[in-house]
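Each structure below appears as structure tokens.
One chain, chain A, links the two complexes that follow: it is found with chain B in the first and with chain C in the second.
Coming up: the complex of A and B.
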């Protein structure tokens, strides 16, 4: 009995010592929750590659502390599983920072956890505006649908387009996109003749194309999750003669993300999108980023928006560790990066102190062939775009 | 009026695609009584072979199509010998489900490993791109081609199962294997041939349907419900039943999505429930093949 008790006491003391952490050199762990297998496995891969790239460039230590990343696989949108994995990271792995999160529900599910454990959560992707309202410990380095859509709708109105139609997938981000588009486009004098919400599992898009055609709109604003749905939509748009009829195709840049472009093929040519990052972005820093990626992983085919989301997220985490000088306190760490500005492969970034979301340049791009490869070629830049949807969207 | 015509044309086109990717399942599930959940996986394998043949090996579309069907059949025949042969018969339904879903997972992982998780395409020849006008309505040439191919498949299968010796023997072997064997019909060979027919049709559907159901490693799981719905509504084993079911579901789905898009898939599944309520064994159960 006494032996058991002694062991328990020793264990508890040891645990406390671990929790308190030695003042000198320590290992700071960062937990990354993202899809590493399954249909969205390519996302986790791009996160991991970007983190490894950042560590190769900036070293694995900050001051005296070693930064170690721990990865957890969450293969699809599953809030309960997201919460369980994050809790495991906090309790068992004793991570100081949580990061990753591709889908909105997965990011939302950890709000009570990060508040209770008082650790910061750096979101690499999940793009619904409302997320950062749910906890003051969220910081986001990706983009939101509002952020991309507002400049796009303004651009469309300026091009003299009067009648447009919106066609979005019927889920959170799609509805955000529709709301942002309708509000902005109508504010600038345009008319949204119809708003179509398409079921997520649609296989055949011909009926929606017929509806777009019958609506008499000059342009369509479309948003679908990247992957098979986008491909089928773009194909249907061409095959049913909408492109030939002169209807213009606009959307947020998720539609034409780089890994999908080869499959979209010539169907993608001419699609105009707005987004925060294009692999073809013309800057010395981006060229070095892409070249380094190719050197480390053999090809740059997977470099896309999730890569810079993770790369800049890692930068923010490093900055938090530097500011904290060792031990991370969630609320203070977030406070310490508010207003922080830096130069990223995608352009200049600032963390907005209110929304804790990056204010960034949004680019207008058109899909074109560059050296035989399809790329999003930037045509115009809209600097300093905030998250318009913060405390506005549902 | 023009709208109704448009819906009808799009619905028939969608229905024919549903038919061509589901008819192989109707053969294995209906005629051989094997709940083959790996049907989608076989269709996917066909699609990937065609994609590889057309893109990496540079074969023309028609050759890639033939290669896909032939190679898929060749690759799956050993599976019949080693695995499927052990689970024939309606007493083995649970074993069939477990085996074929397991096989599906293996194929999904294999394709993911070999070809990666990104979308693959089968480039169409110039002849099949563009649109054809049907009165006031234009439909993609590729769909017109699929409608033609679907009609040809329908007639071919009907002829094969109803008008040839092979068909008579097959139906006899399915209805009463012991009696058929006693009469000197070599049921093992017959089953092998029918299995090959089923997987060949699956591969054909995978290639022809790839424009609508894009190829990626999770294809095998993503669309299996669609295939099963068509076969269940049509009545297992009935070729005309499958065609009727595919067309009905295609038209209902298209009309619903056009007229009330916010209802989503509601009409598809509502139709499924109502039809199965009225005809629990599908449209054509127990009549002709």
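Coming up: the complex of A and C.
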């Protein structure tokens, strides 16, 4: 009996503290969950740098409130841990907004939390279309596989390519990419002669290269997780003579993200990708962004798509705080940024009111050498691309 | 709960003479101590229930590893196969049929036990490094199956949308994690009581015999392999329940739950706490995850280095794990009393 009573009292105290917290305090906290250590540590680093850069440019205050970022390290895809960390951010740190999330399962894990706590969650990366369907409090400022692949497949069809083959890693994003590619390419009159799903841990790609060669395809659409797998795939593509045979290599831009380019080396030259951001994007705003990054952190080597994801995400969070006038109510805060448009280093962005995902320009780029450094050089732009995968996948 | 544990411990003590002397005395204190410390943590650290819940569920998993390794001498780096199977089974049952937490635990335990029996029967004829390799292989197979069966498991996106029903229809799983934690703690304490019963039963003693000298067990007419397979299956039930408990408290299951790093981390926690003691699993898990949490919170960017130093320190100065240190400390006090 006493325990129930104490529980109830404790609950009431929590509830009051939570409700009163943001209103009374002059500090609004934003919790960022991302990998800050381990193999994906570079992602968290780029998030943090982008947030600091944004705060350096726009100040740390919105109205009367100071915005403070609290970082939590989640070094790998681990949804149970993601939920525990997010729960701690909400209950202990009393954050008003959750942000970050690199891996899809980690982002999906917080859906029940943000709904119960009525807190907005701004996703800086996790790219599976289905995420924003799971809670009305998700907003996403990155990209999806569908968003990048649809314009690419259309472009390939327009180039007169009739027969293509897809080769993807056998996991969620790869299968998303394959589905998007097949649907779009065939809609535009092309034929996908074969779809290869490569085990995630493959290290030897020669057998797959043979299948690509035997299929008689003119072009390959490939998606692999960034890092060693992509490296080995691109090398195998060159070594087995597929490039020499004139087979064209296409893929979403994750394949040739900036931090990986030095490791890929000349094997990457000529790979054509579509993506939402290239560090070499030719705009005054992007040049200022990259220059400011170099000024603050000594180099711009880490500037990549995760940087703009976090930079624009921070912009959305600032806008939410501004609209809310100091006290954030999750559902209303998300409502207030629906349809919001702004100019980012990557180009014009709009938050789609239905999917709560950014509608943006997708660029067609080819890897080339610029001043001795490998860069994704933009060749064409496809403006106003929505998330084609929203409510499409099962 | 506490009183049941205590009574059980005392009863065991009276009926059966202690084969291991001093260790035994701490043994029965261990379980009520875990319950009391757990409840104390509930009041003292109300903001850290998310972490505490994860510690409780992980401790149950490490406990299953202790049964296998500490009592059966089975070297394994694939215990997460059972954990993951249990977690997925519980998740699939919750999403498709019944989301009662107890049903989920039962499904997890059943699935974990079954897969352990099947794979155990296949691989336990091997010993040493060969066995270690086979357990890793089993883990990889389970993970790959979970990745392939996307319609059921969500593949690499994880199995989300698990919404467990209130415990006994009364206590909702709330955002603050109060229900989750007390539920996890209760399951852990029950797990400890059951595990203690098992390792002190004739069956448990036989398993220890196999660990010490399998040849001798066959000489007196026992079958070492069948004892080990049975133990592996029992530990699989524990691991499966731990997986299901994680599914209940976190509402999502990812591929990592069957992954190699999780098996390896459990081994580190067990060695840290001390093998072959049951409560060593709890101490090791609490120490490792607690320190991990404090370090990662104070410096999210470089904490891994400090964890490494901490582990090296433990291995150098307390080779038997933290529990052995506590026992030595206990022995020291007793020695002084004797002398005085």
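Criterion: the second predicted complex is superposed on the first by the 370 of 394 C-alpha atoms of A that agree within 3 Å, B and C clash if a C-alpha of one lies under 4 Å from a C-alpha of the other, contacts with A are read in each partner's own complex, and residues count from 1 in each chain.
As a working rule, contacts are C-beta pairs under 8 Å (C-beta built on N, C-alpha and C of every residue); 3 or more make two chains touch, one makes a residue touch a chain.
Just so it is clear, the structure is predicted and the values come from calculations on it, not from any experiment.
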item: Overlay on chain A: chain C relative to chain B, clash or fit; value: fit
item: Chain B versus chain C as contact partner of A:71, first or second or both or neither; value: second
item: Touching partner for A:191 - first (chain B), second (chain C), both, neither; value: neither
item: Which of chain B and chain C A:175 touches, first, second, both or neither; value: second
item: Contacts of A:116 with chain B and chain C, given as first, second, both or neither; value: second
item: Which superposed partner A:159 touches (first chain B, second chain C, both, neither); value: neither
item: First (chain B), second (chain C), both or neither touched by A:85; value: second
item: Greater residue coverage of chain A in the superposed arrangement, chain B or chain C; value: C
item: Which of chain B and chain C A:104 touches, first, second, both or neither; value: second
item: Contacts of A:38 with chain B and chain C, given as first, second, both or neither; value: both
item: Touched partner set for A:134, first chain B, second chain C, both or neither; value: second
item: Gap in Å between nearest CA atoms once chain C and chain B share a frame through chain A; value: 6
item: Interface residues of chain A shared between complexes with chain B and chain C; value: 38, 41, 170, 199
item: Touch list for chain A against partner chain C, complex; value: 7, 10-11, 14, 36-38, 41, 44-45, 71-73, 76-81, 83-85, 87-88, 90-92, 104-105, 108-109, 111-113, 116-117, 128, 130, 134, 170-173, 175, 199-200
item: Of chain B, residues touching chain A in the complex; value: 3, 6-7, 10, 13-14, 17, 112, 116-121, 123, 131, 138-140, 142-143, 211-214, 216-218, 222-223, 226, 250, 253-255, 257-258, 261-262, 264-265
item: Contacting residues of chain A [partner chain B, same complex]; value: 38-42, 170, 196-199, 201-204, 206-208, 210-211, 214, 227-228, 231-232, 235, 239-241, 244, 259-260, 262-263, 265
item: Chain A-facing residues of chain C, complex; value: 46-51, 53-54, 144, 147-148, 150, 154-158, 160-161, 163, 174-178, 246, 249-257, 261, 296-297, 300-304
